[in-house]
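Letters A, B, C, D, E and F name the chains as they come in the text, with residue numbers starting at 1 for each one.
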Amino acid sequence: MRLVIILSGFLPAFASELDKADTAWILVSNALVTLMVIPGLALFYAGLSRSKSAVNTLSMSIVGFAIASVAWLILGHSLAFGKDFLGFVGGLDKALLSSVSINSLQGTIPEYLFVSFQAAFAGVSLALISGALIERLKFSAWLVFSLLWVLLVYAPIAHWVWGGGFLAKDGALDFAGGAVVHLNAGVSALVGALILGARKESSILPHSLPLTAVGTGLLWVGWFGFNAGSALSSGAIASIALLNTNLGASAGLLGWMLPEWVIRKKPTLLGMMSGAVAGLVGITPAAGFVMPADAIIIGFISSAISFFFVTYLKHRLYVDDALDVFGIHGISGLIGAILTGIFATKSVNDSINVLPNQLFIQIKSCIAVAIYSAIMSALIFLLIKAIFGLRSKEEQALDISLHGESAYNIGGKT
Amino acid sequence: MRLVIILSGFLPAFASELDKADTAWILVSNALVTLMVIPGLALFYAGLSRSKSAVNTLSMSIVGFAIASVAWLILGHSLAFGKDFLGFVGGLDKALLSSVSINSLQGTIPEYLFVSFQAAFAGVSLALISGALIERLKFSAWLVFSLLWVLLVYAPIAHWVWGGGFLAKDGALDFAGGAVVHLNAGVSALVGALILGARKESSILPHSLPLTAVGTGLLWVGWFGFNAGSALSSGAIASIALLNTNLGASAGLLGWMLPEWVIRKKPTLLGMMSGAVAGLVGITPAAGFVMPADAIIIGFISSAISFFFVTYLKHRLYVDDALDVFGIHGISGLIGAILTGIFATKSVNDSINVLPNQLFIQIKSCIAVAIYSAIMSALIFLLIKAIFGLRSKEEQALDISLHGESAYNIGGKT
Amino acid sequence: MRLVIILSGFLPAFASELDKADTAWILVSNALVTLMVIPGLALFYAGLSRSKSAVNTLSMSIVGFAIASVAWLILGHSLAFGKDFLGFVGGLDKALLSSVSINSLQGTIPEYLFVSFQAAFAGVSLALISGALIERLKFSAWLVFSLLWVLLVYAPIAHWVWGGGFLAKDGALDFAGGAVVHLNAGVSALVGALILGARKESSILPHSLPLTAVGTGLLWVGWFGFNAGSALSSGAIASIALLNTNLGASAGLLGWMLPEWVIRKKPTLLGMMSGAVAGLVGITPAAGFVMPADAIIIGFISSAISFFFVTYLKHRLYVDDALDVFGIHGISGLIGAILTGIFATKSVNDSINVLPNQLFIQIKSCIAVAIYSAIMSALIFLLIKAIFGLRSKEEQALDISLHGESAYNIGGKT
Amino acid sequence: MKKIEAIIKPFKLDEVKDALVEAGIGGMTVTEVKGFGQQKGHTEIYRGTEYVIDFLPKIKIEVVVRDEDVQKVIDTIVKSAQTGRVGDGKIFVIPVEEVVRIRTNERGEAAI
Amino acid sequence: MKKIEAIIKPFKLDEVKDALVEAGIGGMTVTEVKGFGQQKGHTEIYRGTEYVIDFLPKIKIEVVVRDEDVQKVIDTIVKSAQTGRVGDGKIFVIPVEEVVRIRTNERGEAAI
Amino acid sequence: MKKIEAIIKPFKLDEVKDALVEAGIGGMTVTEVKGFGQQKGHTEIYRGTEYVIDFLPKIKIEVVVRDEDVQKVIDTIVKSAQTGRVGDGKIFVIPVEEVVRIRTNERGEAAI
C-alpha cells in the first residue's frame, strides 16, 4: 500500500535545488492549512455547540493545534519521517529536528517548511476529533490525549504512507490524506465518543449558525492549501487539485441539500455547510488524480452518503458523536478513498500508476488505517480514563466549571 | 470595446511556457477571491439582515457560489471562453472542459487554474445580487435564477470582454471587472428588486455589525486576489494593483465617512464599511492602470457618490434594493469605469493604449453591459415568476419557514 | 544599532532583477498582514469590549488602518525610506512616491510592493494602540492621533532601523519588528492610557469570546505574512521564520495557560488566546534568526512573563490599559528582543552578525525606541487634549453617541 | 391603581404602543417572553433530527394606570393587538397598592 | 383568579412544563431572569482578574389559573422543580382581577 | 406580603442590589426590560436612514417582602436608584397572597 505517495512522488527523486516558486506556494499552503483550524474548525464546532459550552469547544481545537505543533517538532516529525524502522515507524534521528539544517531540502522546498506543513496536517487531524467529544470531556484529559494521539497514532500512520513505511509500497492512492487524516480522525472520534459515553442531554441545537458559517468558509478556503498544497509544488497538479477541491465542495453542498430537501422537505443551511465539508473530505484523496467532471461526482456522492448515514444510520450506533466527526470525516473519507480507485487517471497525473486491482488496494489501505486507529485510540482513551478519568463532573455549566468563563456577556454587568 | 483586455493583454501572445511563480500567485488569488464570498460576502450581508432572516441570507450567497462553480465547469466556461460565435458568445467546444488537458496553458498558467479563477469571478458576481433580494425571495427561485444568470447573463458578457467577443476590439479598459462584475451585478440586482417587489417592512437595522465587520475584512483582503490576481501573473503590475486596491479601500472608507460626518453629524461604522467596499469597487476597473495617488482619488470619489446616491437618491427609485447592491456596486462600478478613462496611463502599464476618446469608449461599454444585463435579468426573473413564483409566503419567519432553522439558539433548550 | 537589518540584509546588495517568486510571496504576505487588522485585530479587540462599545472598538482599528494607508503613501513612506537626514528621518523625495516608477525595485521585488507592505506594518502598529484607549476616547481625537502618530512616531523609528537611519549601523537584531512595531505600540498605548485617564467603570468582561477567537485566528495566520514576509523573499529564511512563528504562537499559548492553570486554578480560553498573541509578539524579532527549539523557548517565556505582568503587576501601574496592549505587546516585544540577542545564530541566518555584546545592543535599541515613543506619543496626546479634548462625554452609550449605531439589534424593532 | 399585563404577538408591538400613546398612556414597560398555549409550536431541523420548539416568542407589555383608565386601556390593547388567529395573547389585570416615581419620590397616582 | 409566579432553575423548565400540562394547564408565559438569593454565585476569570457573578440564570414561569386550581398548580410546580438543593426557587401567588383573551375579547375565567 | 417591582436604569443595578442587601433583603429577581416613558429615545443611523429607538433598556427588580418591610425597601430603592434625571423609573407595590420555597415546601413569610 502506498497511500499518498504523490506527496513525494510528484517530485522527481533527483530534485535537489530549492525552487522559490514552489516554496512560495507551500508557504501559503501552510498558512491556509492553519486557517482551517485557527480559527476555522474551532468556529465551525463552536457555532454548533451550546452557548454554555462554546468556550470549551473553541479551546479544544485551539489548544490541540498548539500541542500538535510543539509535539511534532520535538518528536512527531521524527516518528513520521525519521529513518524507517521495520516499515512501521520512523527513528529518533530527527527528534528536535537535530539532523535538519537551514539548507536541507525536501524535494524542491526547504525541509523546515516541509516540517511545518506536516505539523499543520497533524494539528488539523487532531482538532477534528474534538467534535465528537464536546460538552463532557475533561480538559486535562483532552490535553493528554492530544499529545499521545499525535505521537502514537497519527505519526506512525503518516510514516506508513508518506514516510516510506510499509504502506508506501503497495500502490494505494491518497492525494492529500483522505485516509491518513479524515478516516483516521473519524475512527478515533467514534471510538472516543463510545468510551467517553453520551452526554446527559445530547442534542445539536447550534447556538450560532453564523459562527459556523465563518468556520465553514475558512475551512473551504483553507482546504485549497490542504489539497493543492499537497502537490508540494506550484504548477499543473496544484492547479487541477485546486479546481477539483472547489468542485468537490460545491457538489458536496448540493449532494446534501438535494436529498435533504426532497426527503425532509427543507434545505437547511447546516445541511449545506455539512455537505460542503463532506464534499471537501471526499475529494481530498482524489484531488490531484481525477478529471474535474469526476470531482463533481465524487463530491456529490460522498456528501450524499454522509447525509444518509448521519440522518438514518447514526442513531443505530448508539454513540454520541456530538458533531458527526465519524459521519462526515470517517464516512466521506472512506467513500472518497474508494472512489479515487475508480476515477484516478494517468492522463491527469502521469506520476501515478493505476493498477488493475486499484479498488481492492484502496479498500485494504483504509482497513489498515481504520483498525490501527481504532485500537490505538481506544488504548489511549482507556489509559487516560483509568488514570485521570475522562468525564467532566459538571455538564450543566461546563465553560464555567472548566474555564471559569462564559462565551457571551451581552447585557451582563452593564 | 475591449473591457479587460489586460487580463490577457499583459501576457505576450506568444507566451507558452508555464511560469511557476505566476501560477503560485494565481493559485493564491483564486483562494482570496473565494474568501470574498465564502464566507466574506455571506457574512457582510447576513450581519445587515434581521436575525430572523440571517440563515436565508447566508444560504443565498453560499449556495449561489456552489451553483456558479458547477455551472461554470459544465457550460459557463465554454460560453465565455469557447470558440467565438458571432462575437456574442462562446461555442460548446469547452463544455465540461472537453478540450482542456493537464498541459493546456492560458498565458503562463495552467488552463485548469484559469478556469477555476474565472469560476470564482462568476460566483462573486452572482452572490452580490442576492443582497438586493433578501428577506422575501423563495429559495427555489434563487437557485433557478443562479443557474440561468451565470449561463445567460454573466458568461456572454464575460465573452464579449475577456473571451474575444465583440467588445474586446473596441479598446475599453476594465482591469478586473468594474463593468463585467460590479455594474452588471448592480443592474441585475436593481431589476430583480423591482420585479420582486418591496418587503412588507423594509428597513436596514443590521442585526450584527460585528458580523458585517468580519465580512468587510474578508472582502477587503480577498479583493487583493480579485484585482492583483487579474494581472494573471506575479510582478510589477500585480504589485501596483495591490497597492492601489488598498488605497482605493482606504480612501473609499474616508470618502463615505467624511461627508456623512459633516452632513449627517455622525461617522457610522456601517458607513465606513460601505465606503471601503465602494472604494474597492471603484478601483477595480483601474487597479493596474493608474498611479497610486490617483487610486486615492478614484476610491474617494466613487465612494462619496455612492454615499450621496444611497442617502439621497435611492428613495426616489421606489425599489427595495435591501442592501444597496445597485447603490454601491452599480454606481461605484460605473464611476470607477469612467474615472479609469481619465486616469489610466501607459506609464503604469505599457500594454494598454489610452485612446483620445477613451472616456467615450468607457461610457459606451458600460451602457452595453447595463442594457444587456437589465433586459436579460428581467426576462429571467419574469420567467421564474410566471412558472414558480418569486415571493416567499412567510416574511415574518423566513428562516424557519424556508430552512427550518434559526440563526441563533442562545439560551434556548438549556 | 541595526534593528531589522535583515529586512534588507538577506538580499544581496547587488540584487537588481525582479524575482517573480519573491514577488508572489510578498504579495501574499501583504494580504496576510492586512488580514491581521482587517478584520483580525478589530475583532480581537471588539470581542473583549462591552457590547455597547463594540462599534467604536471596531471603528478605531479599521479607520486607523485606512488613515495609515493613505498617510503612508502621501508622506510616511518618504519620512521612513526617503533620503536620510542626519540619521534621524527620511527626506521628502519620496512624498507621494514621486521618485518611484513601475520599474523601481527594492531588492528583488517591485518598489510599489515594498511601499504597500510597509504601509500595512504601519497600519498594524497604529491599530494595536487603540486597545488601550477603548470605551472613552473621542473618535475625532483618534483620527488626529492616527495621522500624527504614523508620521511623527512610527515613520522616524522605521527610518532609524530599516531606512538607513542611525540605529541601522549599530548591529541590533530585530527580524520583523519586535521593537519598531510591538514595543513602540505598547509604550505609546501605555502613555495614551495614562493621559486619557481610566474609564469610569474599568473591567474586561468580554462580551463575546467567539468574536475574539475569530480575531485570534486571523492574527495567528496573518502573522505568517508579518514574520515570514519580512524575509522579503521566498526561500529558506522565510520557511524557518514561518515554522518559528507557529511554534512561538503554540508555545506562547502554553506559556500562559500552564502558569494560569497552576496558580489560578483554571485554564481560560482568553488566557490561551492572549498567550498565543504574546508568543507571536515574542518570536517576531527572532523569527528568522533562531533554531526552532529555541523558538519554543522564546514563545513560552515571553508569554509567561506577560501573564505575570498582566496578572500581578499591571494593577500597580494604576493605568487603565483596557486590553493590555502594553502588557502583551510592550512586554513580550521587549522580552523577545532581548532573547533574540541570546538565541540568534549565524547557522540559521548567515547574513547576520551576532556580536559579543549583542544582548547589550538589543537592550540599548529597545531603550531608544521606548523613550522616543513615550515622549512623542505623550506630546501628541497632550496636544490633542489641549486643542480638541480626548474624552468622550458619554461612556454609558458610547456607540450611540459617537456613531449613532448599536452593534447588535437582535430582537429589536421586529 | 392597576397593572395591566398584556401578552401579545411580537410584531404587534409598535401598533399597540402607538395606540396606547394615542389613548393618553405616557409610559410602559416591555419584556421579551416565551409563551405556551393553544398556538402550536414549530419544528426546527438540524442534520435531519427534528426539534419541537414549544415556546413561542411573545412580548409582555406592562402598564400601570388609574382605576378609571382600566377599561379604556384594555379595549385599546384588544383592538390594536387582535389578529383573530390563535395566539393573540392575554391581558391580566392586577391590583397595585402603591406607585413611586424614583426621580421625585412622588407617590400614588401622581407618580404614574 | 390568581397569577402564580414561579422562579425555577433553568434546566427544570421542560420538566415543570410537562407536569403542568399533565395537570391540565393550557397556557403559561416564561421569562429568562437572573436571581439573587442564598445560592452562591460563581466566579469568572479574565486575564487573572476575578469577577463574581452574583446573579444566576433562572426561569420565571407565570400561570394564571382559577382560584380552585391554585393548590394543585403549586404542588405540581414544587414536585417537578424540586432538587432539594439551595436555589430551587420560589412561588408567589398574586391576585388577578380580570383576564381578557385578545383574540375573542372573552373576559374572566373563560379567557384563561 | 408584597411584591415590590422597581424599574430602574441598568447601570444602577449593582448599587441598588448592594443597598438592598445592606437593608437586609436576602433575595431578588432581575429582568432585562425595555421602557417607554418621558425619557426620550435615541436615534440610530444606518446608511443615512435614521431609526428612532423609543424603547430604552431598563432593569426590573422584583423583591417579595413582609408587609412591615415595604416602606424600608421602597426608600432604599429610591435612594440608591435616583439620579434626579428623567427616566429614573418607577416602583410598583403589588399584593402577594402566598409564598412557597420550592426546596422545602415552606409557606408564607418563612419562605421569603
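Going forward, a residue touches a chain if its C-beta (ideal position, glycine included) is under 8 Å from a C-beta of that chain, and two chains touch if they have at least 3 such contacts.
Worth saying up front: this structure is predicted, and the values here are computed from it rather than measured.
Asker: What chains touch subunit A and also subunit F?
Answerer: Both subunit A and subunit F are touched by B, C, D, E, going by the contact rule given at the top.
Asker: For copies subunit D and subunit E, work out whether under half or over half of the interface numbers are shared, and give different or same accordingly.
Answerer: different
Asker: Report which interface contains more C-beta contacts, comparing B-D against D-F.
Answerer: Greater number of contacting C-beta pairs: D-F.
Asker: List the centre-to-centre spacing of subunit B and subunit C in whole Å, with centres computed as mean CA coordinates.
Answerer: 33
Asker: Taking the mean of the C-alpha atoms as each chain's centre, how many Å separate subunit C from subunit D?
Answerer: Those two chain centres are 52 Å apart.
Asker: Once you find the CA centre of subunit C and the CA centre of subunit F, what distance in Å lies between them?
Answerer: Centre separation, subunit C to subunit F: 46 Å.
Asker: Please set out, as single numbers or ranges, the residues of subunit B touching at least two other chains.
Answerer: Where subunit B meets two or more other chains at a single residue, that happens at 19-21, 24-25, 28, 203, 205-206, 208, 214, 218, 266, 268, 270, 403-406, 408, 411-414.
Asker: Which subunit F residues reach two or more other chains?
Answerer: Answer for subunit F, listing residues that touch two or more other chains: 11, 31-32, 44-46, 51, 94-95.
Asker: Quick check on the complex: what are the subunit C residues that touch subunit A?
Answerer: Spelled out, the residues of subunit C in touch with subunit A are 19-22, 24-25, 28, 32, 50-52, 201, 203, 205-210, 213-214, 216-218, 220-221, 224-225, 228, 233-240, 242-243, 246-247, 249-251, 253-254, 257, 265-270, 272-273, 276, 292-293, 296, 347-349, 396, 408.
Asker: What residues on subunit D touch subunit B, complex-wise?
Answerer: My answer: residues 11, 42-46, 51, 53.
Asker: Looking at the complex, which residues from subunit A come into contact with subunit E?
Answerer: Listed in rising order, the residues of subunit A that touch subunit E are 396-397, 400, 404-406, 412-413.
Asker: Show me the residue ranges of subunit E that touch subunit F in the complex, using the header's touch definition.
Answerer: So the residues of subunit E touching subunit F come out as 2, 6-8, 31-38, 54-55, 58, 60, 70, 74, 77-78, 81-95.
Asker: Could you pull out which subunit C residues touch subunit E in their complex?
Answerer: 203-206, 260, 264, 266, 268, 270-271, 274, 307, 310-312, 324
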